[in-house]
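Labels A, B, C, D, E, F, G, H, I, J, K and L are assigned to the chains in the order they are written; within every chain, residues are numbered from 1.
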Amino acid sequence: MKILLINGPNLNLLGIREKGIYGDLSFESYFPLLKARFPEITFEYFQSNVEGELINKLHEVGFSYDGVVMNAGAYTHTSVAIRDAIAGIKAPVVEVHLSNILTRESFRHESLIGPVCCGSIMGFGLDSYRLGVEALIGKVKPW
Amino acid sequence: MKILLINGPNLNLLGIREKGIYGDLSFESYFPLLKARFPEITFEYFQSNVEGELINKLHEVGFSYDGVVMNAGAYTHTSVAIRDAIAGIKAPVVEVHLSNILTRESFRHESLIGPVCCGSIMGFGLDSYRLGVEALIGKVKPW
Amino acid sequence: MKILLINGPNLNLLGIREKGIYGDLSFESYFPLLKARFPEITFEYFQSNVEGELINKLHEVGFSYDGVVMNAGAYTHTSVAIRDAIAGIKAPVVEVHLSNILTRESFRHESLIGPVCCGSIMGFGLDSYRLGVEALIGKVKPW
Amino acid sequence: MKILLINGPNLNLLGIREKGIYGDLSFESYFPLLKARFPEITFEYFQSNVEGELINKLHEVGFSYDGVVMNAGAYTHTSVAIRDAIAGIKAPVVEVHLSNILTRESFRHESLIGPVCCGSIMGFGLDSYRLGVEALIGKVKPW
Amino acid sequence: MKILLINGPNLNLLGIREKGIYGDLSFESYFPLLKARFPEITFEYFQSNVEGELINKLHEVGFSYDGVVMNAGAYTHTSVAIRDAIAGIKAPVVEVHLSNILTRESFRHESLIGPVCCGSIMGFGLDSYRLGVEALIGKVKPW
Amino acid sequence: MKILLINGPNLNLLGIREKGIYGDLSFESYFPLLKARFPEITFEYFQSNVEGELINKLHEVGFSYDGVVMNAGAYTHTSVAIRDAIAGIKAPVVEVHLSNILTRESFRHESLIGPVCCGSIMGFGLDSYRLGVEALIGKVKPW
Amino acid sequence: MKILLINGPNLNLLGIREKGIYGDLSFESYFPLLKARFPEITFEYFQSNVEGELINKLHEVGFSYDGVVMNAGAYTHTSVAIRDAIAGIKAPVVEVHLSNILTRESFRHESLIGPVCCGSIMGFGLDSYRLGVEALIGKVKPW
Amino acid sequence: MKILLINGPNLNLLGIREKGIYGDLSFESYFPLLKARFPEITFEYFQSNVEGELINKLHEVGFSYDGVVMNAGAYTHTSVAIRDAIAGIKAPVVEVHLSNILTRESFRHESLIGPVCCGSIMGFGLDSYRLGVEALIGKVKPW
Amino acid sequence: MKILLINGPNLNLLGIREKGIYGDLSFESYFPLLKARFPEITFEYFQSNVEGELINKLHEVGFSYDGVVMNAGAYTHTSVAIRDAIAGIKAPVVEVHLSNILTRESFRHESLIGPVCCGSIMGFGLDSYRLGVEALIGKVKPW
Amino acid sequence: MKILLINGPNLNLLGIREKGIYGDLSFESYFPLLKARFPEITFEYFQSNVEGELINKLHEVGFSYDGVVMNAGAYTHTSVAIRDAIAGIKAPVVEVHLSNILTRESFRHESLIGPVCCGSIMGFGLDSYRLGVEALIGKVKPW
Amino acid sequence: MKILLINGPNLNLLGIREKGIYGDLSFESYFPLLKARFPEITFEYFQSNVEGELINKLHEVGFSYDGVVMNAGAYTHTSVAIRDAIAGIKAPVVEVHLSNILTRESFRHESLIGPVCCGSIMGFGLDSYRLGVEALIGKVKPW
Amino acid sequence: MKILLINGPNLNLLGIREKGIYGDLSFESYFPLLKARFPEITFEYFQSNVEGELINKLHEVGFSYDGVVMNAGAYTHTSVAIRDAIAGIKAPVVEVHLSNILTRESFRHESLIGPVCCGSIMGFGLDSYRLGVEALIGKVKPW
């Protein structure tokens, strides 16, 4: 099973930026822990601050991978283009967020990509990524 | 670890009502499977169509249980009273939904209870309940 | 042919409350007149001020009766849960109102249950119930 | 008892246009059936696609007929002028619709003429006209 | 000096309809009084309930008359087409209303034709027409 | 003089829940102090988390008591049904709130029941109940 | 017959400010011309940039004069206090504007004072004041 | 191939009215040029200021012609009735506009008929009609 | 204990203006009655129609008095400046209104000053002032 | 004559993605057919998923080419930056869309770039590109 | 060079009121420091809590001074009258604010006077005044 | 002291594009003049049309420079991602604009980045950059 973990803008600052909201563990430190937990899965990780590069990556893996766990960051709320990319590929995409976006500024309450993802998980910090992987596994091996 | 699974209005019709959206497995059939998967956890299950009875239940367990997985059904979108009950108790509450509410009628897009829950999971059918339990475990045993 | 007449909150005050709008005949006085007019139909009557009890009743009769004539009163404008109950049962539901809700406060203009009822009738006082029954008959015996 | 049945724009296409929504019976075929059902009533029928001609007709009969059953079609949602005509005449007007307008496009949800009609009936196909006539009779012969 | 007085829908019912708002004098009875007051002016009067006929009339006189006093009735609030006709002709148009439209339903508060008229006068009953004529005279003979 | 004090959802948690907003005195501890202050008045106290039970209570006392002091809690903002119950009974109802609802979330700014109460008092903590009683006395013994 | 002409903020700059919109004649130069045209009327003129002073003036004359012609300038769109002053006095008030406010910025489209004035006149430059006086005369000497 | 060119209100003033926006060529002068360019097509031309007559024409040709090029003028933004007529007929309708409606008043930005047309073309002056004809040809002879 | 009673615009007309809403007792007649009821308190009374003078008064007493009872009249709904003055002083301010503002025009439903007052009381006529004083006493001598 | 055809995000998936909406022909297969139809024109083609690269391309050709046919894809609805690029260059830009955007999600109804394009064409599938080229030719060789 | 510094309501409390937002230096203490920095400029300073007095001052200096630096305080968000005064005078006006108004309550986000000022500066505390003066100098001595 | 000047999309066209709004001096010509004025400061200049590259640059300098002067161009109004980048870095950012954005299209009135900048300056043409530098100096050397 091949899964892409893909992070949007400013998530390269995780562990540096706004620690009160996002905690002080960087994604780079977290990633080996996650991989260790699911040894049967092949993971790829990609991060970019450029909207179009995120789209390029989705196109690249979207017809061959088994699923995508995506934290689109700020583009969650503004990018119709990423929405269209998700809708255009075959792999199911799980939307994840570190924080509970409903407790933040009102312009973060709406997710433009949510309606084309197979499901959404938010509010559990870095554990949201693990739950996203669990959810993709659950789609393959239903109860 | 003690967890309450609590379902709101019309979820007693699960497996009977609108199967295209919700599938044809009732919660009663699903519950033993879920318990089998987490033998170390003590589960209680409660369902009611009466808003105030859901509040009564949250008050009853909210100061002694370790967590709540709640699918408030239609009250998700209309009940400030349930929101206040969640905010008023000590146990963390995970919001779950069977379907992706963002793909349904616009009045279902807003969750009044979301901002006072510790996190939300939606779109994975009955598997959303399992992921809710996983999320509560993740809060107790962080990475 | 079995039909449920179901009244929502405050309709137990009919004939007592706001007579300028609703007239001074109670539903209890009116009900025998209605039954007399349709001797071939078996009627059941139910009223509750509790949203969840209305849902329970709809679930109870919704898979065995031939139709429901419902005046959901104030819950017409606020209850997604009753809407879901109507959508979840098999029996067709006709929405009725005593007054023309479009001439009242703006928050009464929208009916949340209207879109899942087979049709709506309003503005004819207690005669709206008779027309509701006529409409259910018309569905069974089309022109 | 004299009643005007009046149809607004595009209802001359009934039975031809959008049969999925409106059925395949034309009003011309339906009208004799309706008259046969109420032999004691004198009916007049009028249809026009011109807003002003509908107003002219309402003015013409509005001070001598006992009632009007009106399906204003698309003008329901846009015509303040027809609303004023209904408010200006003496005969009570019952608003009818073939479909449940609440299940269609949002601009069809609001009825500009509803607030000046004595009541509204919708969602019962051609049977809505019969129920409209029943409602006018009910106003004359109350319970 | 040649002036067209033009009335929109339902104003033929003046003196008959909603007397509480509009008074009980018909325009036909009022018109001779108005003409007597301005003997030096040639008046034409036109009324129609058909939006397009009002446009036809504006086109007909709009390049040869000295001015128009128009009470567009309900079309004031809905007709972009009449607005375009007024903007397209040369003669200045004064908008008049019998009642103060700001004290009525909110959908009557906005005038679509107001922005293309040279000015507006409302609230003075039939005297609004006289003031409209005065205003046109004032444009020709400024202070 | 007979007065009902009636509390809506979650107010049974007073003194336990969100003490920063509501203080740490429970209503049960406060009630004897209040009664002591107005020995000439007969008080009844009722609390429920169920919307319909609040309505039932209002119906029960609404035609025999001299007044009601009501803190409808979260139902203040969502319950048209309680509004209708208040409008339907004879006893005057004073709306009270512990906190200043205008300083909280925007969905708490609107009171659906306010317009049918004789007046509103908010922001004075538990003292709001005393002021509510004072207001009812003031209605009976005007200046 | 005694009439107050009252001008709101910045109208003391008439003839100086924004001549493209308001022309280059000051109100002081215009006032003698207006008085000469109505020799039978006693006029008083008042201007202030202070909202409260305009209210004071309305109170002062509002129970003894026969009418008021008011150009409230910018306060037209923001002053509920002037609205209340107009509603509180006995003398009828005619609202006038030099320009057609509907062709300007959207925040100038709404008149807060319009609904409590007996009528409104706008768009005729300084001639709007003359028409306002004509309208007050018309109220005293109806057709 | 038979095509109807149909123009809505005020387009009879083309070449006369608001030349800055619409140019100074009348449709009558332009029509022969257009016909000359597509000699293989039979054209019919119709213009009316009456909404209902446009509907009548659409009904008349809508089941026998191969396509319609329609400039509905102001009715584009207000006529649900014309929308329903277009949706009710079989012939494909191409919406055309002389000007770019997005650069004009905000109430012209929305096209009510657009969603039921097969496509829209705007902003190319009279050439929009030619492009509309090209588009209809393209539908018959796809690439 | 020193308390300022401060009234905003048009409240000098109390007893004269709109008696149906406000009663026929002037504040001047009421004030001695109020003082007699609280002999232990030193009262000052101030009224102005000028927004800035109300601010000046609040600044003047706001750092030395024990509390303020303010009826800001129309400025309640429009004055951010008075709001800032209340927020800037030390003395607690109780907002009072004679009428229930929620039953009046929609622009009166929002209070700009409410969120910075310690509490609000409305709907009890002149008795609202007494309740305001009671509330200030309650803040000093809590239960 | 030199024309740039420029496609925005996800249009590289044409023929692969959402074939129900966009058809199964890729732009690469279509482009030679288009060039063959206009042998006298020099075409350049560019596609990118990166908003800024589309802007770079517009800057590059915008002062030397004769026109641009642009399908901005999802950026149509979100990119003020592309709008500014179009407004800043000299070459006229024709906006094209494969589908009729008015029949899709509401956030696709508004085009941010439309107001600065010389015109728009939508709904004709790949033929929209040909019509865009025709429109540019029509601007050079007017009728 | 002559410059007016003008402060609106509550700015006389600077250094006393809400120090967390505005700091604890009064404008009176700051003014000499500012003057010392620009010895070549003649400054006048004016503050009032009365909207109309601010307008009077703008009129007084607006045709003779070289510029105005204005902090309109709360009137920034509510005063169309001050906006008109700024638009009506000749001197350029620079809008300044101590705090970043975008981080405060939403009703402070809109500046009614901004669009008629030559520019705006906000968020730099008292230094905003110095920058305002710099900006006026920059207008006279461009780069 | 090290300061980054950073320009967003289309600002590379300064001096070429829309000169009526932005003037005819390019930023490249202006930059040496600016540097000459502040010889004690080390400046870096960066411009990109790609949103993500602007974010990359902010990340690169945001933890080592003393401040940033940013004109985000069109991304000001649409980029939550740049907002998050500014909020995530340590260096204070001053927002600048050449034009007064409040006098342009309504979608340019809101700045998404303003609330996370330390302050904003707009409307002074290229001089806005100098004022931005002055503001950063003022933060380091307060009065």
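A few points about this structure:
FYI, a residue touches a chain if its C-beta (ideal position, glycine included) is under 8 Å from a C-beta of that chain, and two chains touch if they have at least 3 such contacts.
What you see is a predicted model; the values in this text were computed from it and never measured.
The set of chains touching chain F and also touching chain L is empty. Counting the residue numbers used at the interface between chain E and chain G, over half appear in both copies, so the two copies meet with largely the same residues. Checking F-I, E-G or B-F against A-L, more than half of the residue-numbered contact pairs recur only at B-F.
Superposing the C-alpha atoms of chain B onto those of chain F requires a rotation of 120 degrees, given to the nearest 5. Separating the CA-averaged centres of chain C and chain F is a span of 31 Å.
Per-chain CA centroids place chain B at a distance of 63 Å from chain E. Under the contact definition stated at the top, the residues of chain D that touch 2 or more other chains are 50-53, 78. Here the touching chains pair up as A-B, A-J, A-L, B-C, B-F, C-D, C-F, D-E, D-H, E-G, E-H, F-I, G-I, G-K, H-J, I-K, J-L, K-L. Those residues of chain G whose C-beta lies close enough to touch chain K in the complex are 8-10, 12-13, 16-18, 48-53, 73-75, 77-78, 107-108. Across the complex, chain D meets chain E through its residues 50-53, 55-56, 59, 78-81, 83-85, 87-89, 112. On chain E, the positions that touch chain G within their shared complex are 30, 33, 100, 102-103, 109-111, 114-115, 117-124, 126-128, 130-131, 134-135, 138-139, 142-143.
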